[in-house]
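In order of appearance the chains are A, B, C and D, and numbering begins at 1 in each one.
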């Protein structure tokens, strides 16, 4: 007889209205669900209510499929809910796109191996061959798909084919030095995470450390964000900074910055894998 | 006819149990209260549930006194609730104790005048005369009560008399350089806030900057906390830090530290005045 | 007989070349000067050498005027030095420009009174009357000079007259909500310090907290900088940041930000008053 | 003909005295050395002068061996100098000691492979077998030397033998969960670097995250330091911190802390490998 517990994550948002918390928590208790965590947030300017609930239940007493469909039928319509359910034990599949820099890739692979980054990594795609050795070292399939002006379209077709084959849930651009196409962005909405090596919205685009050096800033940063049509303008997930001074040359900014990049990207990926992020209105609600 | 709205803050904790959020939020809605903010936290090791709710209601349709007593009778017993109610517009009265340093005092007075620190300051007590000029500048009564080994008891009697006369809600020790007695601490439990000029629990007691310098730390800090019997061991409200290097002498640590002290003390005072802190188990839950 | 010591600060820069440190330190020792602090920096891309030296000498054995002129004649030409000498005990005179916000003004006045901000404040100029009470409280002359589209020129003439009368060394714009004219900027090159309420170069111009909120950043900042012709693009002196989340509304950003503003402005002013800043190439060398 | 340049790092300290900078820089210029970086610091309480100089010279025109011995004979005695010379291109050999945690080990190996951590890693020693797979993955010899109460002495003999065989320059304890003996400490003075998982001097000894949780601190930290006889009391190299709140359980502190640990340890190791640290008086001068 199966008596072990299982966990379920519910992300939802709806127009703000009275009684919503009480109704949802009542619903869960009536079905023998135990609320382990509950976080909510009301955006007053948009009059929108956001909630994340972690529900625990004994496998034999709670039926998540029934729960899910009843939830939609009983509460979904009356409250105009939009919701997503995730089973905690089912890890998301993450595709990794890289180019030549190894620092983010190394951090992703070692943190995943240590069990800190809770996802599966079915493969790595790169437009350069440089990092193939690392893929081998970690025993992960590596697809080398060069991208040039001429073959951009066919290269992307190959990428999509591989993404489909592996039934990927989301994509990380771990210092992938190509702009991804609208088609890919449309297929993975709020599901492509990029690391930008500046404190956005300062210094978007290429060579941000050079721009930061030229401007003489006293603090540099890094930003992980979801990719949208507009370059470097998608919903920000996480940012962090590091102090610099006149003594730091461009190469020092790059070195300090790469430590920021790997930390900020990893934190963003962990939040996404743990289903702690909701995207709205080109911003993120992060229940941390 | 009075149609304006009023706000009410409810802090509560109780043994963790199913249905508590639903019951409380239902209770509020049935009485025409509108939940403006709701924060809760479950301490799993202690199995205790903590919640802070800001309730808004039209004065003519909601009766806070009735609300308060019904809340206690209907929910209080069944859930073993401990709760406190505060009316947002009624500012707490804060007594200020100082000695010779002016930086925290200046910050307290200017932030209160700017409306950022939401409290009344009926008077300042000091064991030294040095800061009397500042009290005058801000037009606040100043009581000079010297404290010596011999007069410690009678000095405290005078302090208590003044505190009683003004019906003070809580006390801030703004670099007050005397250890307060058990009697005062008992009369104001979780209601005396101190600023300690180190990153507690490192360097408790006197001369922490000298100790930090001698130890060669690379980061210094400050800590605001509630005062308990054990010196510098009460519940921590807020901490912050600043980087230092071998180039900083003791006087530099003191200067950098004083900026930390005033920031960390002010943040602690604001959180207390805004009723965002619950004390339990010698720790704080800060709903920020 | 006068035997007390005096201190002298020397800021200099020149094309980078061999022997410069040795020559300068030799020069000082030969004239009975004692080097208390020495900091230097080489900008390799510009091939420029920067140095700050604090020299101490007994008044009766060192002649600073002779020192100064010999320094220029003996070393100045051969090394193409540009240098400035300051006597430590002669405090700079700082004019304060404000509008309606009081937080930076309060911090400036209280820190100056506490002896932490080492300057004289001969007067406050404001285009609004709101802060006159604070000027009175601190017993500082307050000039109310309203600025409108029509009177902008004559208002500025009045400002210049007052600046001249008081022989002001530099100007702080402590949330002064008017754009200062090219004329003023030309008269006080690298001598007007502004606080901008964002993490420049992000969100220049008006209403940066609203822009930061709309962009959904996870970190806000403040920047103190010298004023140049191009708006919010002058040499950055100091920056700091504070974390925010989706829970923070615009008003929260403003409140958190104002604490940053006063800290970042004060740090910039202290560095300037202590002659620790050299401006070059639209950047700052900060010897801290 | 060999015309390429070579770099040389000179670390020195001596009693503070007039003329020392001029003498040293003159000495270097007379021998065709070019000063690339120069940093100095005077500890006024100890009246000691510290300096780090990076000297560059053409191999054919500068003779570093002669330079080194002349430096000692000409300047060493008169100024009572203590100095160390390092050739920049000769990488130090670092022994890695680990137990069961992989996060610091992974960071060390990947950063070394990326060329950011400039050292050789001849082997890994561990008292547990758990991390052998990682050593294999990076193709580094792994010595499993179990340590028990009974075999402590013979285990250490084995460690020393391996250290000697490989002519190791310094040792990193990358979450090595054994206290190292006085003998090893004496053989490697200021050459064993440990990462302690708290903000020292708070929470020395075992289980610091549990202690931090129980104390209810609002900030946790990590500290890299040289190992001395007294446990967790050696010279601090680098520290960093992370904010926590009442919502974080012990496991959260551990997870957040491990990210601090790997960053703080790596920064300490890089500073040591780049010869930027001088140890004195149980503190560090870090020329960064």
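The criterion applied here is as follows: a contact is a pair of C-beta atoms (placed from the backbone, for glycine too) under 8 Å apart; a residue touches a chain by one contact, two chains touch by 3 or more.
This is a predicted model, so every value here is computed, not measured.
The minimum number of touch steps separating subunit A from subunit C is 1. Comparing mean CA positions across the assembly, the chain most remote from subunit A is C. One finds 38 Å separating the Cα centroids of subunit C and subunit D. The centroid of the Cα atoms in subunit B and the matching centroid in subunit C are 36 Å apart. Chain centres here are Cα means. That of subunit B falls 42 Å from that of subunit D.
Listed in rising order, the residues of subunit A touching subunit B in the complex are 18-19, 21-22, 25-26, 29, 34-35, 37-38, 40, 243. Within the complex, the subunit A residues that touch subunit C are 41, 43-45, 199-203, 215-219, 221, 235-241, 245-247, 249, 282-286, 288. Interface of subunit D with subunit A (complex): residues 102-103, 106-107, 110, 113-114, 116, 137-138, 255, 258-259, 263, 266.
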